[in-house]
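Working notes for the structure below.
Residue numbering begins at 1 within each chain, and the chains themselves are lettered A, B and C in the order written.
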Amino acid sequence: MLNNLQLTTDGKLKHFLSIEGLSKAILTNILDTAESFTSVTDRSIKKVPILRGKTVANLFFEPSTRTRATFELAAQRLSADILTLDIKTSSATKGESLLDTLHNLEAMQVDMFVIRHQDSGSAHFFAQHVGPGVSVLNAGDGQHSHPTQGMLDMFTIRRHKQQFENLCVAIVGDIKHSRVARSQIHALNVLNTGQVRVIAPRTLLPEKTESLGVQVYHDLDEGLKDVDVIIMLRLQKERMTSALLPSEQEYFRQYGLTAERVKLAKPDAIVMHPGPANRGIEIESSVMDGKQSVILQQVTFGIAVRMAIMSIIASQATLAS
Amino acid sequence: MLNNLQLTTDGKLKHFLSIEGLSKAILTNILDTAESFTSVTDRSIKKVPILRGKTVANLFFEPSTRTRATFELAAQRLSADILTLDIKTSSATKGESLLDTLHNLEAMQVDMFVIRHQDSGSAHFFAQHVGPGVSVLNAGDGQHSHPTQGMLDMFTIRRHKQQFENLCVAIVGDIKHSRVARSQIHALNVLNTGQVRVIAPRTLLPEKTESLGVQVYHDLDEGLKDVDVIIMLRLQKERMTSALLPSEQEYFRQYGLTAERVKLAKPDAIVMHPGPANRGIEIESSVMDGKQSVILQQVTFGIAVRMAIMSIIASQATLAS
Amino acid sequence: MLNNLQLTTDGKLKHFLSIEGLSKAILTNILDTAESFTSVTDRSIKKVPILRGKTVANLFFEPSTRTRATFELAAQRLSADILTLDIKTSSATKGESLLDTLHNLEAMQVDMFVIRHQDSGSAHFFAQHVGPGVSVLNAGDGQHSHPTQGMLDMFTIRRHKQQFENLCVAIVGDIKHSRVARSQIHALNVLNTGQVRVIAPRTLLPEKTESLGVQVYHDLDEGLKDVDVIIMLRLQKERMTSALLPSEQEYFRQYGLTAERVKLAKPDAIVMHPGPANRGIEIESSVMDGKQSVILQQVTFGIAVRMAIMSIIASQATLAS
């Protein structure tokens, strides 16, 4: 059902809600399109007229300066008109009222909604209710999905490793509460990644992790052995104060990525992090700034990947309208 | 005096502060101009260069996500440069300081001020003090006036009923505290509407209501009989907790618009609401989403009407400068 | 060191952090370039394509509606894409984290950072760490520097007095805590101003004031005698409640600029204030609105001066990248 909602009847991407249910061809098309946009953002005039005269509404029900910035820049560089709304988590965000908000904005002839919301499924809810000419882009919904982050991670891996089939990728940290991890795992599987490992304490793993098509490790040193890609996750402060975790120091001792531990991976392994990182908690500062780190490249590629996704879904919505 | 302030010496609209004092010719010109802009907002590239290189400053002394969005979109679609300022209700908003704020922004060569303010008369105050090349647009001032809402309502009525002369229009709810109602009544009168009814409990009617040129009803069923247009007003929550009203349930029982009651009006009557509506308090959900409701069309037409008003007053200000 | 950081190896302005260390030729070039932009902001279409496709990030760690507005307008009129971020004074603004914020935004291919920060030296810190193609513009850092304000003041003086060599300029008020005064004094000295006077109570003067190349007065009447330019400073409310000052009334009696006192200066003296002014505390209302006041002109010229500085540093950064 999810894939139907994202796709037109002839299988083109119209909304971008979740990587789950998308084909390898669709993901590869996003990556290839993003490749062409990296040249736009490199050049002196970083602007193409693809979305000129279109209106992109950024609806941030959950505040995020960094994600908002990347979507505003992507939309500006596509020449869109932009409406950014920080919507307080009030009664207005629930059920019927959320629908009224959606329909009102849609009546203003918004062409694309970029939605970040603390509740899982919000972007799907929007996509179910918008008219045929309008696209919905999920910029993170609850603990469910953060598919643009997942795609920019794939783009970064492909740039450095060219292919996925022979790779071993390790994702380290709070898998349980991470929408980023969920999107990464789906994308890696769709792209036929050789092996996907998750490394976490039992308390930070979801139930039935193995059903996600990954190998589970509880020991970091063991899990990092000979991997090509290390993806660290941000540890949410609120987890640290809960019963789920021992102290920060103990977490770092067991699951923090140190220069020493990076040596367990392949010599040309890359280190990734969706940001913002807690230096000294999940990752040592020297690793974050080290020569194997591609963390800032992820940010740069994130603009091109978002431009690619926006232009792809906008062109389908225009055809449908 | 009010009309003088809004008009140039040869009777052209230069500020848009209040519908009171404007001629039928001016209102009709706004409606006709808006008609041409509906085609702009319908097409794929929703942008015209009318305000290119002009600066529109949106000054929101009273927060309103929805109204701000409509004005930002209207200005963007006219290609204006936009400066949106949320100005806290502090000492800075009173008397001398308000004037200093105005003069400072004017010194930045702002071409148009869109002002929303909790105090009645604020937009007039601004218009009195700006230079000859600058326009002021009232986006709602206290309980006084919300003239762009009034005009988009007229546009919606004309779209559905073609003329005003033979119409019977009923406005239902809190007339006393509603700047929207005040603007609607003025506009309907200027456009020679056949009959204008207001339907409200005595506690929610202003003194000397009849002097506004309307017929007063206290009974909803009686008032709705054979009308062509039903305009519901939003009931402010703060009125409900005051001594002015019985309970929400009792209000809905007496003044809530139900599907049953809609049948009292003419069969082709339209149902309007300025939004955001309180479903189940002043209007039944099924009526709001029903086939006679034109509530979302009001939002769409609101962009075209605001584009029309902005372009009309900007062209006069340019001539004057 | 400061000047090295602002200049390219062949002595061109690449960042604009502080007037200290800049040559007369560089300041004069800014003033001449701003002169050409005043015609842009005067004409009907106030826009030039100089920064089209460039991204300007306004980082406001310290809120300022007015300064933010002038930078947004300057960047819009240069056709830049603009990202405005209000960054809360949290842990994120300190040390390592500030650097992470910088590097993340830089990875989004921002071309210019406009930074306002409550800590002295923040803009320098940014300039030290950005890549070769990125410019940094100081929009006010702590009590250190506010160089765009300094330059717009010089522009205003030159417009009215044509030259600096034969002028006597008095700066009145809280010199000690004013980044504006610091920037003004440096600029006046670089431009070989005949005489620069500071007039303040001892508690509001920095140590070793004379080393700044100014003459110190504690008596306002004496200090104003025969000056060509009177620059009043804003008195921060927090100083008034501290032990540094007597009452507001007493301050006004001793250091407030009255119409009577303006007569002590030359007949064609101009009165300036960086705004926002406290009417009746440091300046009498009638003086602020009087015929010798050029306070609103300062605001207007401020846009042209900021456009000039932005276009100058952007062109150097483009060459360097």
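For this structure, a couple of remarks:
Here is the rule we go by: a residue touches a chain if its C-beta (ideal position, glycine included) is under 8 Å from a C-beta of that chain, and two chains touch if they have at least 3 such contacts.
All figures in this text were calculated on a predicted structure; none of them were measured in a lab.
Interface of chain A with chain B: the two copies contact each other largely through different residue positions, with under half of all numbers used appearing on both sides. Fitting chain A to chain C on CA positions gives a rotation angle of 120°, reported to the nearest 5. Annotation: 41 Å between the Cα-based centres of chain A and chain B. Contact of a single residue of chain C with at least two other chains is seen at no position. Residues 41-42, 44-47, 65-66, 69-70, 72-73, 76-77, 275-277, 279, 285, 296-297, 299-300, 302-303 of chain A touch chain C in their complex.
Residues of chain B that touch chain C in their complex: 52-55, 81, 83, 85, 87, 96, 100, 103-109, 318.
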